[in-house]
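Here the chain labels run A, B, C and D in written order, and each chain numbers its own residues starting at 1.
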Amino acid sequence: MKPKVVIAGGGAAGMAVALRLERLGVEPVIVEREERLGGKVRGWHKLFPTFTPAAEVLDPLVAQIGRRGIECRTGAAVEALSEHGVKLASGQTIEADAVVVATGFTLFDARRKEEYGYGIYDNVVTSADLERMMNEGAVRLADGSTPRRIALLHCVGSRDEKVCQRHCSKVCCITGVKQAIELKKMFPEADVFNFYMDIRMFGAGYEELYREAQQSYNIHFVRGRISEASPMINGRIQIKAEDTLTGRPLRMSIDMLVLLAGMRANDDNAALAASAGLALAPNGFMQSADPFLGAVRSPRRGIFYAGAVTAPKSLADTLAEASLTADAVMDYLNSVQR
Amino acid sequence: MSGLRFGYGINRPRAIDIDSNDLRKSNEILREMPELQTCIGCGSCTASCTAGNLTEFNFRRVHTLVRRGEYRSAYEEMNKCMLCGKCRLVCPRGINTRGVAMLIKRKLGDF
Amino acid sequence: MRRSSWQDYQKEIADDKYYYARSCIRQNFFPGSEKAFLDIIRNDLGRDVKDDPLHTSCTGIGYHADVVPFETIMTVVARQFALMGEAGYENFISSCITSFGIYTEILNTWEEFPETEERTREYLYKATGRELVKPRTLAHTSDIVFHFRDSIAGKMRRPLINVYTGRPLRVVEHIGCHYAKIFPKSGIGGSEFPYVLAGMIESWGGEVVDYPERRHCCGFGFRNYLVQANRGYSIANSQKKLESMAPYRPDFIVANCPGCAMFLDKWQYAIAEMEGTIYGADGHGIPVLTYEEMAGLVLGYDPWQLGMQMHQVDVEPLLDKMGVEYDPAAKYLGQDGKYIGKPERTVVNDGCQGSIYDMKR
Amino acid sequence: MTFFAPFTIPFIIGGAIMAAVLLAKYTLWAVRLPREDKRLIRRNILSFKSLAALWEVVRESLLHVRIFRVNPVLGYMHSSLALGWLLLIAVGWIETVAYLGLRWVPLQGHVFFKYFMPVNGITQHKAGFELAMDLLLAVVLSGVALAWIKRMRSRIMGLRRTTKHVLFDRIALSALWFVFPLRYLAESVTCAIYGGGSFLTGSTGSLLASHLDAETLAAVYEPLWWCYSIALGIFFSTMPFSRYMHIFTEIPLIFLRRYRLAPGIEPKSYDHFEVEACSRCGICIDPCQLQSVLGIDEVQSVYFLRDRRYNMLQLSVANNCLMCGRCQTKCPVGINLNTLRLNSRSRMRNIPNEGRFNYLSGIDRSSGEGRTGYFAGCMTMLTPRTLSAMDTIFRAAGDDIWHADRDGGVCCGRPLMLSGETTAARKMIEYNTDLFRRHGITRLVTSCPICLRVFREEYALDGIEVMHHSEYIRMMIAEGRLQMRRTDMRYTYHDPCELGRGCGIYDQPREVIAAVGELVEPAHNRRDALCCGASLANTVIDDSQQMRIAREMTGELEATGAGTIVTSCPLCYKTIKRAAGTETKDISEVVAENIFQP
């Protein structure tokens, strides 16, 4: 009889782990809180740094899950877990030989940075909203007009002591660059400003895209964090920042403010960790057994991690890590059987 | 106005007001030399500057201010540059810094 | 503007039995306001408020100007609280935003560092023989008016409506920095979108104007104003606010802080004299009201009883818009009917102050 | 005989226009020459220099010896046109004299002698004259034919690119192309009707006479002479406004140059002679690396001079030049292309500003004591290996050194000069001159050829021996103060533009390298050496374009198979290091590593 592994979370990480495990002769079961598979990537329009449509990555994964007949429990949230299985919010339990936690992250709620006026002023949107608007086909201001000046603010809910998010969300910098280019393509006449503290272009092709944004798209980069946003009489938004490179305060009016909302630890992490006796890192993400040799193992044998549940990761990193997780699960299953 | 003397004036705001700044010249400069936008503000140019070794001249600051539409005294500041070219040798972005210095002077000077 | 976030910041406001701590400077600049508050609370709302002659300054200005040490001010504040206890009250309310900030700061300090509370208790006892009693609730008087805004609306005689156009009056509200910027949870609506004055305005029929520099400081800044060399910086802040709000053509400004109301009012005169700029219409400035004056007008109080003749910027245009009946000739007559003198013509009130009063006298 | 016919009018008008304009131009230029230049002319005009100039006129304006050296076919084309035409005129004049004796004949009488005297009665040597004239016409026609071919297939002449012309040039060029074929036709028809002529016009004439009837010949006779005259008239009247101005201008230029007149960094009247002496032959286009590597083909000297002459010079053209001087070494007219470009930049960009660089007053950051001064140069500050190598060398040579800029000095002024800010550059020059004088040095060594060039050309440093560090090292070796250890290393050497073509220093560095190891030469070297591309003179091309030029250049250096690339300019050094995979060293490093200490 095939060993059975429950995977909590049907996003990119969970699906990739399931596919790999299935290939290795395991019976995976995906438990997904939402009604559909796909996780956060489903809300994304195009992927950095290549502008690949998100669907081009996600659809084949979902299709393969179906083709291989992998069992998926959608609309079912995991409430508690142990190495022997999971307990669903419905009270039902699923027994298994091992459990993979691939529950991902929670998007930072930009309303917590009240000074930026998200949810208060029209035309203050998050990066996720922008992707949704692009998916819906059009980016427009609340009154239906096109923006002439747009600001993207980096590090919203990242590297911010004030909202207890000390960590860097890693992907916002490149997302800001990507979205700035997309906006500039949509509105060639518009001025696009990125307000940043540091530009961290760690991935392959990221720095090149950054340079392209500067040189080919004339996207302005201002080194300074926006301190507040206020409405103006003409419906625009006035923002204030320090232009740290000149050491002077700067203010300007814009039509649209895009907040690059960061990745925060999944809200469920604490409950799940408590139920299984797992440890949380200081930033609230799941703590791995070891940062180098045991990055996908939990401190508890039989429970594994995949994807952004342990730290902010790009989609590419997540997919690559999924194989590691599957490997670690197989090692464990083999050792138990022996 | 009665011209009363209060013993103090009203301080001018320090803010760079992009709304009231005329960015036309700045845009012209960037159009002629788009690579200036690639500056990451590392300060190598200012650090290596021959003129900056002898005065307060700060190339990075001047060109950043110009890009924000702050032209006041940019020409006079740029005139402190000796065009020796060290900055171009050290720029990690490969910006034609001497060209920038000359361009800013051309656009903001009287020739 | 979707202004729902204020509901996230709520605090307990007592319904009755207040111990009232006055402001040091308000009686000079807006002398009718504290009296109006007491009248409204006692007479219109029938609540009990203790106006205790024994209490002193909180020494907050001295504290913020670096001349009063923290231990000293904690002891002074402890004495105010002791007086409240002796009078048999437990709901402390303060007329001044600086004081309110001080009380909040000290109560929080005592909570975080209990040893400071113990030390203060000791100092207080050694110095005065009094026993520290911590208040059960602490509120600013604007919180109290906010708390009763609907009751006041029920007794309203002149809503914040322009009688000529029938449209709501456009009101700029200004919250003192120390109301909630230090401890966002201490204010109604938090620090970014405080609701304490906006709530009153909306309840009484007016329209709140949001403008870019709404959150900016009036410029008082203690040392920025108190040291003459820094005063140009102080006035620059008020100017920035006035420049920013002027395009919205507000009918008046309302503030909940003694200094803010004064500076927004008096700097309009200074700016007009220095640069000739006037921010209101027809050569008038923008009238600046305290929230007690606003409440008083709404409840039908006489503007001169409210002390509104002491404003730098004339309030007559606003009174006319609200349909307030007033006697122009009585403006500069004191309580006993004696002429109290009138100010010189100034740039900001040109064409108004002299003409109306002189003509009608 | 009046020697007049209506068809000569276009020729007479054209000739008159040409003469008037030439006279006006030369007079104006001469009158406006600075007093200094006029003094030079007065002093030298009656010396053997005039004779030498005359000989040079024959060699260059007629025979075009220098162009022959570049490419024989191109040389033949130029000299066939120039010399052939001159001889046609000369022999024609002799012919006239031979027939009519020494009497006055109007110009058109000489030019259209065949028309006026179709059957002249020269008794002696008639056949010889006919033959000579036909021979010369054939030579000129072959030149015209080559010019046509050059227009279509320039590579035959060794030119990859040919010049793009302005309207006046096109008109004059077209007229010139037609002048000689029309003369050939007109004279042939004349021969057909009246007989005479030799192997060319004579035989063509017989051919025409045998195929066409007398009426037809009579009908085309006058119109052909008209056309010939019109072509000449058009050519002459447009000539002073076109590239053909060089035909005459080169002559005064050669004389003036012999009298030691030269352009300076400020524009002056003499420049006109140089600018208008450019024949726009286009030889300067091919050596230009901006053209060969980057495909930029509107900025080369020929276009620069053209634009300058017609007052349509753009800053972007003036500034887009490496000033490597490669074109100047090839220019057949010997025009000072770099100096002219410099003074154009100066005219366009120099703004006298008294207050500028006032911050220099009172600054003295020099250190050390010694009669030998060392001015490393700004760029050398970024090549610390050169600095420490020089320290080693100075120590080994036992020389006490005064360091002018160890703690950061003031720029030499050449970069400002290169970008046209001449007055500002003067401030640097004054500052540094004063600094050198104050410290009483007798010798000034610099590691930067850019500095070296301005020290030599613009500084007044009498009593101070100015040397490049390669010269200094060679001198020390020659004096025996430095002894080198020979190794079996193979080096190749890159000539920096400012050092080689700029200051004529080719041998000293080579001798120094040869003292240490084997020297192998790249394909282009010495006067032909390629520029590294990072030249301070060019403020237009961007980093990637600089690197493309650099890679092309280092490719040649690496092709030598040498283990180490050596150069002697901090800017070249930095550029080669970026572009080449081979180990790169400044010459001072090579020396410092191999000092022999007994």
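Before moving on, here are some points about what is shown:
By definition in this document, a contact is a pair of C-beta atoms (placed from the backbone, for glycine too) under 8 Å apart; a residue touches a chain by one contact, two chains touch by 3 or more.
Keep in mind that what you see is a predicted model, and the values were worked out from it rather than measured.
For subunit B, the chain whose average C-alpha position is most distant is C. Taking A-B and A-C together, the chain pair joined by more C-beta contacts is A-B.
Per-chain CA centroids place subunit A at a distance of 39 Å from subunit B.
Remark: subunit A and subunit D have CA centroids separated by 65 Å (rounded to whole angstrom).
Here the spacing of subunit A and subunit C, counted between their Cα centres, is 46 Å. Chain geometry summary: the mean Cα position of subunit B and that of subunit C are 45 Å apart.
Residue positions of subunit A touching 2 or more other chains: none.
In the complex of the two chains, the subunit B residues touching subunit A come out as 13-19, 30, 34-35, 37-38, 40-41, 60-61, 64-65, 67-68, 70, 93. Taken together, the subunit D residues at the contact with subunit B in this complex read 315, 319, 348-349, 351, 353, 356-357, 359-360, 363, 378-379, 381-382, 408-411, 413, 415-416, 418-419, 421, 424, 428, 536, 539-544, 571, 574.
Considering their complex, residues 228-229, 231-233, 235-236, 239-240, 270-271, 273-276, 346-347 of subunit C touch subunit B.
Interface residues of subunit C, counted against subunit A in their complex, comprise 1-3, 5, 190, 192-193, 210-215, 247-248. The part of subunit A that touches subunit C in the complex is made up of residues 111, 114-115, 119-121, 228, 230-233, 238.
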